[in-house]
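Take a look at the structures below.
Common to both upcoming complexes is chain A, partnered first by chain B, then by chain C.
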Partner chain A sequence: MSEMTRQQIGGLLARQGILVAFALFMIGFALANQRFIDPDNILGVIRSSAILGVMALGVTFVVISGNLDLSVGSMMSFSTIVVLDLHDKIGPALAIPAMFAMTLCLGAFIGFLVGYLKLNSLIVTLGMLSAIHGLTLTYSGGKNMDIADKEGTWFSIFGQGEALGIPVPILLFAALAAVLGIALAKTPFGRKVYAVGGNGTAATFSGIKRARVVFSCYVLSALCVAIAGLIQASRSLGSQNTVGQGMELEVLAAVILGGASLLGGSGTIFKTVIGVLILGFIQNGLLLVGLQFYVQYVVTWVIIILAVWLDIAAKRGKLWSPIA
Partner chain B sequence: MTDPTPALRLEDIVKTFPGVRALDGVSFSVMPGEVHALMGENGAGKSTLMKVLGGILQPNEGRIIINEEPAVMSGPLDAKAKGIVFIHQELSLADELSVAENIYLGELPRKRFGLVDWPRLEEKTNAILGKLKVGFDARTRVGDLSIANQQMVEIARALTVDAKAVIFDEPTASLTDAEKVVLFDVIADLRAHGVGIIYISHRMEEIFKITDRISVLRDGQYRGTLNTAETNEEEVTQLMIGRKLDLSRNASHHELGDVALEVRNLSCGRLYHDVSFEVRRGEVLGFYGLVGAGRTEIAETLFGLRTPSAGQIRLDGQETRITSPADAIGKGISLVPEDRKTQGLVLGMNCRDNMTLPQVDDLTAGPFVADGAEIAIFDQYRDRLDIRTPGWKQQVGNLSGGNQQKIVIGKWLSMHPNVLIVDEPTRGIDVGSKSEIHKLVRDLAAQGYAVIVISSEMPEVLHVSDRIVAMYSGRIIRTFTSEEVTEDNLIQAISGIGEKVA
Partner chain C sequence: MKHRFALAATAATTALAGAAFAEGHGGTMRIGITQNNVGVDSYQTTYERAFIEAAEANDMVETVVLDAGGDVARQIAQMEDLIQQEVDAIIIWPTNGEAVIPAVRKAFQADIPVIVTNSNIAEPGFDFVASFSGPDNITQGQRSAEIMCDKFKEMGIEDEAKVVHITGQPGYTTAIERAQGFNDRLPEVCPNVEQIDQQPGDWNREKSQQVMEAFLVKYDDIDGVYAGDDNMGVGALNAAKAADRAEDIIFVGATNFAVGYEAMAAGEYWGSIYQSPVDDAQAALQTAIDVLNGEEVPFLNYFDTPKITQDNMDQFTKPVF
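Here is the complex of A and B:
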C-alpha cells in the first residue's frame, strides 16, 4: 500500500474509526442473520439500550471533566428500589419526586467529596458503588420490591408506554440526549466542563470555579441515573436489589467507545450515543448468531480493548507500537 | 582542530510533511571537540532536525554521515548505538531508582541466574561519576537529586556509550547560575575528549560563552555558520529573524495617570515580606529578581491564588481583599501566568474558546454561548496582536510558542483590565515574537493600562519598564527609575549585595 493511501486510511480511522467499525459490525451481523436488520429488532435494541444510554449521557459530563463515575450502576438499583417501594406507600405522583430528591442527594454527596474535598474520583465512586449497594439492601431488607397493583397504575407509562408508535424510553433517551448535547456544546457550563477536564490549572487561572463544575457534573450524572431508574422501575414494575449491577462498566465502555478520553477534556454527547448503540447492537447480534447471554460479559470487555486499541493506533498511525 | 574528519556531518537533509517543507536542504558539520550552537526561532526546524538525527523521523532526502560513514538511524536506540546521544530539556529518569540503576537501565551487569551484579554496577557507575566530579554517588535515589544533578545523571548515561556527538537541547532552562557553571565544565570536558557537541539554546549569553561555531536555521532552511569569536549577537539575531532587533531603553514619554494599584506592607508567610509598591495607569512596573525571590508569589496573591498574611491592597484608592481568581477578575486584575502551557491555556481547545474562557459566562444569548460575539472578540485580538493561525478553530496546542503567548495576552486584554500582570512574558519564545511582545507591552502602557511585568531576563526588564522593583529573597531591595538603573546596580540589588535602601 502506498504511503499516501495509508495516511488517508489512517486519517479516516482517526476521525471516523468508531463509525467505520460500527458499519462493519452491522454488515457482518446482517449477513449472518436476517432478523438482525428487522425494524422490530432494531427498535427493540434501541429500547433496551435506553436505560444504559441515559446513564451514559450523565457519565459523559463526568468523564469530560476529567473524573470517573463507577457508582451509577448501584445508584440505579437504589433509585429503582426506592421508587417502587414508595409507589405503594405514597402513590406514584409523590414517589417520583421523592426518589429524584434522594438520588440527587447521593450525586451531590459524591460531587462534594470529589469537587470540594479533592478526593480521587476512582476511590470515591468505587466506594460509593459498594456503599449505595449496602444502602439499597438496608432499605429493602434484601427483599425484591414489587408494585401490588400492576394493572391499575399509570406509572408503567415511562417504561412500557408508546407515543407516535415509538416507545417512551426511546423518546426520553432521545430528548435527554438532545438537551444535554446542546448543554455540553453550546452553554457556558459545557465550555467550562471541557476546560476543567482539558487543563484544570488553566481553568483555575481563568477564574473558573472548578469545584462547582465538578460538583455539577456529578449532580447531573445522578439526575440521569434517577431517570434511568424511573424507566427501569416502570418497565418491570418490580425489581431485584441488583438490577443495575455491573452497568457502571457498560456505561463507561459506551462512553469510551464513543471516543471520550479518560484523561478528560474530549468527547461529545453524540459520540456517546453512538457508543451506546454500538454496544447494544453488538450484544444483540451475538445473541442472534446463537451465543449464550453470558458471553456478553467477555465480549463487552473485548470491545473496549479493541476500541481503545484502534483509537491509539489511529493516533500513532500504526497498529503495532510497543512501549519503548 | 587537528582532526579534519567531522564527527557528524549532515548533507542536504530534506524533510517534508503534508503541505510543509520542515527541513529544506540543511547541511552542516560538527568537528570532534567542537561545541556547535544550533540556533533558530521556534518553528525554524530545530526540533525536526533533532528528530531526524535521533532516528524518530526519517529524512526524505539527504544523508547523515558519522565519522565519514553514511548512517541510517532506524530509531532512538539505533541512534544511541551509533554514538548520537541526546540530553533533553525534559528529563527521562525513574525517580524511585538509584543513580546507578538509571544509568545502566536495560543493560545492568548480571551474575549467574540473571541476578544483578551490584558491586560491579556501582563500580562502573562511580567510575563515570568520578569523571563528572559530582557530589552524589551510585546509590543515591534519583528523586532526591536537584534538577541539575538529574541532568548530570543523564549526561553520565550518555557517557556509557562511545559518544561521537552529544546534543544538548536547552540544557540550562531550569538551572541556577552555579549549576550552569558545573554543566559548562562538563561540556568542556567532553570537548577535551574529542566529542562533537551540538548545543541548542535561545540564550545568547551562553552561546557566546561556550560555543565555537554557530549554525542558524530559518524557515527550515540553513542560513549559514558563523565563527563565534568573529561575530556578535546582532549578526546572529539578524540571521535568525532576517532583521534587526531593538533592545533600547524605553521609558514612557506620555503623562502617567492615577495610581491603579497600591500595595502596602504586604507579607505572605516565608514567601515574601513587607512589600510595598504602586503602579499608575500608563506605567510599566518591572519586577526583577532571581527565581524564588517572591515575584511570582506576589502576582499570585494579587490574582487571588494566595492569601496574604499581612498588609493591604488598594485598587483605585479603595482597600480591598482578593479572595479568588474569579474575584480578582471581577475587580479588574488580569494575570498572564508564568507557564502558558500548564497555567495559561487549555491546549486541546481551539483558539477562540481559550481566548474567551474567563468571560464565557457573560458572552451569552439566552442560555447559550453567543458564537458571534466570541468570534468578534477573537477576530479583534487576532488582528490587534497579529496572531498567526489558520482560523479560530485551530487547536491552540498546534500554534507556535509566540502565537500561543499572544492568545493568552489576548485572553486577558479582552477582559479590559485595570491592572495587567504579565509573568515571564517571553519565556521560551523566539526572538522575533519576543520583540513584538515587548512592543505590545509598551503600547498597552501608552493606551493607559497599568502594567506589571515580571521577568528573569535583564535586557527585557530594562527594555520595557518605566520603573524596576529589584527583589531578593522575598524582599524589595530597591525600586529604580529608568534614569537611575544600570545593569550593575540592578545585579547587585538582586544578588543581595547592593545598597540596602528599603
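Here is the complex of A and C:
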C-alpha cells in the first residue's frame, strides 16, 4: 500500500517537476515579502503575463511541430502599432479585424516559406524578426502611436476591462489556453502536430500532410500574436515601435521552461502556462524583494536554470546525470 | 515665448556663420553626418529633417547625410566613406559608444574634425573628438529633482514625501546620467524627501507600468514618481490610475514626449524636461561650423533643455514624438 503511494508520488513528481519548482518559488517569495501573495498582486502579475502568455501558446504549437518562431516579438509590435493607428482612422470595430487579417497574412507567409518551400525556420523567422520590424517602422514613420481620445473609446476593454472581478486579459489568456490545450491534446490536428515534430518521416507515411500542419502552426502563432497585440494596444492605448522587441526570447524561454523540446514532438499547453507564470512571478517577486536590479538579471537566470534542472531531474529520477 | 525666441536666434546664427571658413578655404564647407537610426523613432526622424533644413538654409554649407540604420558595422563603413570623400568635418550620432572609436580615430588621423552628436562616445575616444554637441543628461536629472522638490514644497509635504524612481535601460549612458543627476540633486534641495526604491523601466511603457504596479503593491505611501523619460512616466501613470492612486502622486519625467505633454494638459502629470530634436540638430551643425571656423568650442557643448511643468507648458509647442 505504502509502496503504491510512494510510486504515485514519484510518478506525479516526474510528470510535474516544473509545477513543484513553481510551488517552491512561490513559497520562497511569499516568505520574503508577505505582499507577494496579496490577491491584487497575483491578479496583477497574471494580467501583465497574459501578453507574453498568449504569444507563448501559439509558439508552443510551432515548437512541438519541430520548428522555431523568433518573429513573434516584432510581429506583436506590428499588430499593436497597426491597430492603434487604424483605431483613429477607421474606428475600432474595423481596425481590429483589419489588424488580425494583416497579422495572419504575415503568419501565412512564414508558414508558406517553412512549410511549402521547406526553408529552415530559424533562418526564416530570424529574418522576419528584422523584416517585420522594418515594416512596422515604414508603416508608422517611426512615430509613437497614440489613440487621441483615450477616455472615450470602448477599445480599452481588452486590456483594462474586468468581468466578474477578473481582468479581461486574464480571461482571454485562460480561454485561449483552454481552447488550444484541448486542440493540442484531444483533436486529430493536435496529434498531427506531435507526429510531425516527433518523427516527420513516420508522419508522412501515416498520410499526414506535413506542410499543411506546419503552415497551420504558423498561422495559429500569428493569431495568438494578434490577440497579444490587441491586449497590449488596449492596455496602454499608445505604443512605441519597439514594444515587442526581445519578447521572442522570453516567449521561447517560457515554452522551453514548460518542458517543450526544441527538437519537437513534446510539450503541453498546460506546462507552457506554468512556464509563463514562473517568468512573470520571478520578475514581480524580485521587484518586491527589492533586489538591486543589476543582480536581478543574474538571479532570474539562476532561477530558470534551477527550474529546468528540477524538471529534468524529476523526469530522470536522479539529480546527477553526467553525459556518458 | 522665450524658448521660441531662442530657437529663432539659433537658426539665424546658423545662417550667418561660415564666412570665416570661406575666407580661409575659398569655398563651401562640406560636412558629413552619419546618424544612428533614422526612422526608429520620431525624435531621430525630426532630427534629420531639421538638420537638412538648417543646412539648406546656409549657403556656405554642403552636407552628406547618411544613416547607419542602427548598425555599427555600417556606421564604421560610412565613417570610412566620409574620410575617403575628404569632407571638412564629420558629425556622428554613435550607434555604439565603444565600437565606433577606431573609426573616429581614423578621421582624427586624417585631420578631419569629428563632432559627436546627441549621445557621446566612450571616454577612451575623447582625444579624437573635436566637440560633443547634445543634451546634458546630468543637468536634466538634476532639473527633474528640482521640479519634484518645488512641487512638494508648494504642497507642503517636503518633509515627509516618498519617491520611487524608474530608470531607463541599465547600462545606457543616458539612463545612468539622468539617474545620477536626480539622485544627487534631490537630497540637496529636499533633504527630507526619501527615495524608497529605484528600478529600471527599460525605456518601455509596458515594462514601466509593470514596475509601478509592483511599487504600488509594495508601498502604501508614494508621493512622487520620477521616470527617466515621459514614455515610462506615462506607463507609471497608467498603473497608478488603474489602482486609483494617481491623484495622490506627483509624476515627473524627462524628454517630454507628446503623451507626456497631453497628460500634463490633462492635469495628471506634473512636469518634465523639454528636449527638442530641432535644437539638437541645429546645435550639432552649428558646432561643426564653429569648429571649422576655428572658434573656441567647449568640448562638451550642451544645448539647453529647459524645465516644463503644467505651469509653463503654454510656452512650449507640443512635441512631435
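One rule holds for everything that comes next: the second predicted complex is superposed on the first by the 277 of 324 C-alpha atoms of A that agree within 3 Å, B and C clash if a C-alpha of one lies under 4 Å from a C-alpha of the other, contacts with A are read in each partner's own complex, and residues count from 1 in each chain.
Please note the rule applied: a contact is a pair of C-beta atoms (placed from the backbone, for glycine too) under 8 Å apart; a residue touches a chain by one contact, two chains touch by 3 or more.
Because the structure is a prediction, the values reported are computed rather than measured.
K.L.:
Chain B versus chain C on the shared chain A, clash or fit?
P.N.:
After superposition on chain A, which the two structures share, chain B sits beside chain C with no clash.
K.L.:
With the two complexes superposed on chain A, say which partner A:Gln283 touches: chain B (first), chain C (second), both, or neither.
P.N.:
Once the two structures are laid over each other on A, A:Gln283 reaches chain C alone.
K.L.:
For A:Thr187, decide between first (touching chain B), second (touching chain C), both and neither.
P.N.:
first
K.L.:
Residues of chain A touched: more by chain B or chain C?
P.N.:
If we count touched residues of chain A for both partners, the winner is C.
K.L.:
Is A:Ser206 contacted by the first partner chain B, the second partner chain C, both or neither?
P.N.:
first
K.L.:
Looking at the overlay, what does A:Gly73 touch: chain B (first), chain C (second), both, or neither?
P.N.:
neither
K.L.:
Please indicate which partner A:Asn144 is in contact with in the superposed arrangement: first for chain B, second for chain C, both, or neither.
P.N.:
second
K.L.:
With the two complexes superposed on chain A, say which partner A:Ser266 touches: chain B (first), chain C (second), both, or neither.
P.N.:
First partner only.
K.L.:
Examine A:Gln160 and indicate which partner it touches, taking first as chain B and second as chain C; both and neither are also allowed.
P.N.:
In the superposition, A:Gln160 contacts chain C only.
K.L.:
Roughly what angle, nearest 10 degrees, sits at the C-alpha centre of chain A between those of chain B and chain C?
P.N.:
130
K.L.:
Could you tell me how near the closest CA atoms of chain B and chain C get once both structures are overlaid on the shared chain, in Å?
P.N.:
Taking the overlay as described at the top, chain B lies 33 Å from chain C at its nearest C-alpha.
K.L.:
Could you pull out which residues of chain A sit against chain B in one structure and against chain C in the other?
P.N.:
none
K.L.:
Considering the complex alone, what residue numbers of chain B touch chain A?
P.N.:
18, 75-77, 303, 305, 324-326, 328-329, 335, 337, 342-349, 353, 357-358, 360-361, 363-364, 367-369, 411
K.L.:
Give the list of chain C residues in touch with chain A in this complex.
P.N.:
38-42, 44-45, 170, 197-200, 204-206, 209-211, 213-215, 217-218, 231, 234-235, 238, 242, 257-259, 262, 320-321
K.L.:
Tell me, which parts of chain A touch chain C in their complex?
P.N.:
33, 35, 38, 40-41, 44, 48, 51, 137-138, 141-144, 146, 160, 232, 235-236, 238-243, 283-284, 287-288, 290, 293-294
K.L.:
Please output the residues of chain A touching chain B within their complex, sorted ascending.
P.N.:
Where chain A meets chain B, its residues are 7, 182, 186-188, 191-192, 194-195, 198-199, 201-209, 265-266, 324.
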